[in-house]
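Multiple structures follow.
Shared chain: chain A. Partners: chain B in the first complex, chain C in the second.
On to the complex of A and B.
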């Protein structure tokens, strides 16, 4: 009991160590960035606007492939499945999963760190999104989530298990500072 | 002989009864032809008919009113479209609210509250929907028609078995009368295609920069409480979402599929080259899970079936016993229009659109729609 209390105290006192809702992520990522969505969600546009406002150098590619990682130092993934988005991209679920799996594997081979964001909140959860979350969060180096999308604690659980820094924000716009802080 | 007389009397009674029924139901059907009154704000510059932009529509059941509000200085031009689907009242009422309250300082705002005017003249009788709904204003009730998603078959008939729309998409035959599948329209097509063509002509001739189409959808439909954007306006939509979130309004982004053709935002963006958006709110009276259709359901948006569906996780919006009233749905549209224009102004200082007078979400929720509508004349 005493041990648990100490851990919880440390969680609040030392932001960025992995669990709970720290306010910042250590500046571990480098530019330029390859930004894509995992699930063809429209929130990738939100990440794009935030990255622009944070002054980051990035390329947004909705159908990014391993070849586009050539000159990149960070892979940013906006997680969330949109059936409308998949339809618009002419992809089915299997094809999108294959694209993302190949891209992530290439990033790992090249030792390019992965930064995941889920900005769609509760509305952008569901079976397919959850499959992507389970697949991608363990492979990432940091995660930002809009809190309404983490009401069941799926991000907290995974980040805790794999010791990944997690920042929870209430609104999309609140993600600007942690994104900025996460880059060297 | 006596038996034949009895038969004649019975037949006569049945005939009179049938004629009376035809007369009464015919009168009800015809009552839908009575126009809705819209009283534009004192900032109105002019009212045009859609036929002003496409003369072939002149005198047709699709020749709807276009309310034009010009600022003192020419700049960017905005088009707000309501009533594309006349059974989605928040879109129609939000456009009416805009027309009755707006004052434009810079640029020009064009408002079409009843884009498919023909769709307002019938209301899918088999759905059992009310023909009208009232909104209380301090000076008495204003009544508005609750129409159909489709053009009146009296005005455009018959439907083909399969419809290939002007953009080349194959659809079910009834979609021939769905304005939001008929863009960019056909000059010599059916009435609905002509209306779509007229709107495209308006966009071209008025040099519209940004256009917003106001809709509603069932709470079980995945694209709900959403800004659907053409890919040429992705950044603008993203900024608008952040603005709305800062006001406490949760809304989602959806990109317009490139392969779903004939929709307003798709064709406006592709062919008109403008920033194009479609907004969706959640309307229980529009959905398939609903209980008895009623005026209360349209206005209050309360429905026990939807409460149960929400508890079972079958909906794409939170839905509880308080429902989603028309005030809230119309207010979301108004707030989203304001956020989109603020974002447009942030990104395009060369085509600023400045206006005032539109009520904010808290005032609409607190005081009701009627507080912002003119009393009936």
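On to the complex of A and C.
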């Protein structure tokens, strides 16, 4: 109930966000960007290269905290849990979930919109990733997914339920244009 | 016991492999066979056999082809071990072409302000050990082969030039290691597709590797260890703040030595001795298991998995305590593989709960995540056999590619312990302890099974499970390879989780949990547990069987 209330508040507070064409993302996001992964996945580097090629101004911080949102206008999350990545970062699942929850809460408090990407495809799905998807997609203002990661329709279902623009791409490189288009 | 093995294999028919890669399938042939982690590599080896090359020629051709077809797991920038059985002389020998530490290595080289710097150990110039692969392959060809390097390399050149369709396995590993490739090689890395990972279905070509192999065919091994390529290797490593020099490359030498031998009931094992510890610990595990009625317990029963997992934890404690390069430290091999010591361990293990203490183990949990390395087996018409495991350590090694060569340099310095007091601490010219364990199993004096696997620290656990699946549970070779696996270890005296493939039934998991085992459930067919390849030669039959692991892209090819 509380979560739903926050989402509705955000939809009204951030103009142009929340209801959109499912085939495209309107240019509603602003720069500079704070980029981090939710789940310490390797795909955050893919997002980083895509953002660079899109000419966006961003900071990549794998362990981003609320303090790093200070001068930022968009929070970009690369969703996907990697046990290898968590181990390398010295985090357990609970610590990572706490970090992300705190970060998202801080973004909401500052009215900073959240842009989620899942670029790992089918291989980057699983129980923990699904928990992150279920937690984060309803709080986001736009989503890009590599289609093989959405074969069961989880992203489609959540985005329809919460009226969030969703773009599906077949290949990682295809995400470049919708990312570019999503920023003012 | 053996009758069951022969009959289970003899029912296999020469049908095409099933669409479901996980369905057990034994490749069959009458004259010769190659099993390897990529179909193009297996075919490259088979081409050599069919054109008159022997098993050694075909094994080297396959090893080179794997550099082109499975470049993330092994190659000329790494090293390995080869067990060779020569049919005419009935002699078995081991070629050790494990990498060596450079002369500037020191016991505390991975400590920064007293803390271990894991980046230096894994993704850095300091992580590169002197590659031994080319020296090993050349030694094998010169001494036991019939073809020249310039001839056996042709298949690898073709694969690198023409390319191949990227598999799901390749794409997933490429994505998993993207950050390393990006940070080390940049968006222009030859292992990225215009700066992004390769997707399943893309075509991967490596023109730099093809051109390098053409030069190698012309110039031979000296160019790699003393010529232009040596200069490029040293320059690439030093550019990433490593200490390996052209002198280190020029000093590299292969070792050939007798195999480590042991037994399980009426089977005899021939495998690699330290610094490869895989064979040693397969034998130790087999010795321990010999004390238990595993056949009565049943395959992957709770009792079997529990006892096996406890044995593994004690083996890991021994590994940390004793293992190092035998050229530099004394390894008590005879003691570790004695039947008496195994009986003592078996008696120590409690049937209903894990032990409270496993002394001496200090295990590197991050290194435990490695799934890397590759294995191949070859048998020729004359009955010569090669069982070969090789690696560049972690997938895509350091990610460092010497200029215009297309091959990746290993990060095998990470196989040294960062603890300066460890018997496996780095030092000038030392070989790091390896988990590899290529083996040949004999029965009544005749080779029955060639086997090996990648999988880091899971290697000796997985190979022992396969041997027991065949010897005790009567499985065919590929049934034994595809059967659900498990793994456990100890670290700093404490039991760590028991990892199992998700195919282990829930009631068995519950029974294990009731015994006090903490369980980690992994994928149904998880490459964490390795990717074994094997060849079985049933006595009295004119047919050879091959098994290739569906946890990777394994395939057999025979004629």
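The definition used in the following text is that the second predicted complex is superposed on the first by the 161 of 184 C-alpha atoms of A that agree within 3 Å, B and C clash if a C-alpha of one lies under 4 Å from a C-alpha of the other, contacts with A are read in each partner's own complex, and residues count from 1 in each chain.
Rule of thumb we're sticking to: a contact is a pair of C-beta atoms (placed from the backbone, for glycine too) under 8 Å apart; a residue touches a chain by one contact, two chains touch by 3 or more.
Small disclaimer: the values here were computed from a predicted structure and weren't measured.
Once chain A is used to superpose the two complexes, chain B occupies space that clashes with chain C. Contacts of A:143 after superposition: neither chain B nor chain C is touched. Counting the residues of chain A that each partner touches, chain B and chain C differ, and the larger count belongs to B. Once chain A of one complex is fitted onto chain A of the other, the partner contacts of A:103 are absent, as it touches neither chain B nor chain C.
Within the superposed three-chain model, A:116 lies out of touch with both chain B and chain C [touch as defined at top].
Contacts of A:51 after superposition: neither chain B nor chain C is touched.
Legend: residue contacts after superposition of the two complexes on their common chain; A:33 is shown touching neither chain B nor chain C.
Of the two partner chains, chain B and chain C are each touched by A:171. The single stretch of chain C with clashing C-alpha atoms against chain B, selected from 5-13, 347-355 or 383-391, is 383-391. Residues 42-43, 45-46, 49, 82-84, 87-88, 120, 123, 171-173 of chain A contact both chain B in one complex and chain C in the other.
Those residues of chain A lying in contact with chain C across their complex are 42-43, 45-46, 49, 82-84, 87-88, 120, 123, 171-173.
Residue ranges on chain A touching chain B, taken from their complex, read 42-43, 45-46, 48-49, 52, 82-85, 87-88, 90, 120-121, 123-124, 148, 171-173. Against chain A, the residues of chain B that register as touching in their complex are 222-223, 225, 229, 234-235, 237-239, 241-242, 245-246, 250, 252-260, 316-317.
Chain C meets chain A in the complex at residues 168, 172, 175-179, 182, 187, 194-197, 199, 365-366, 369.
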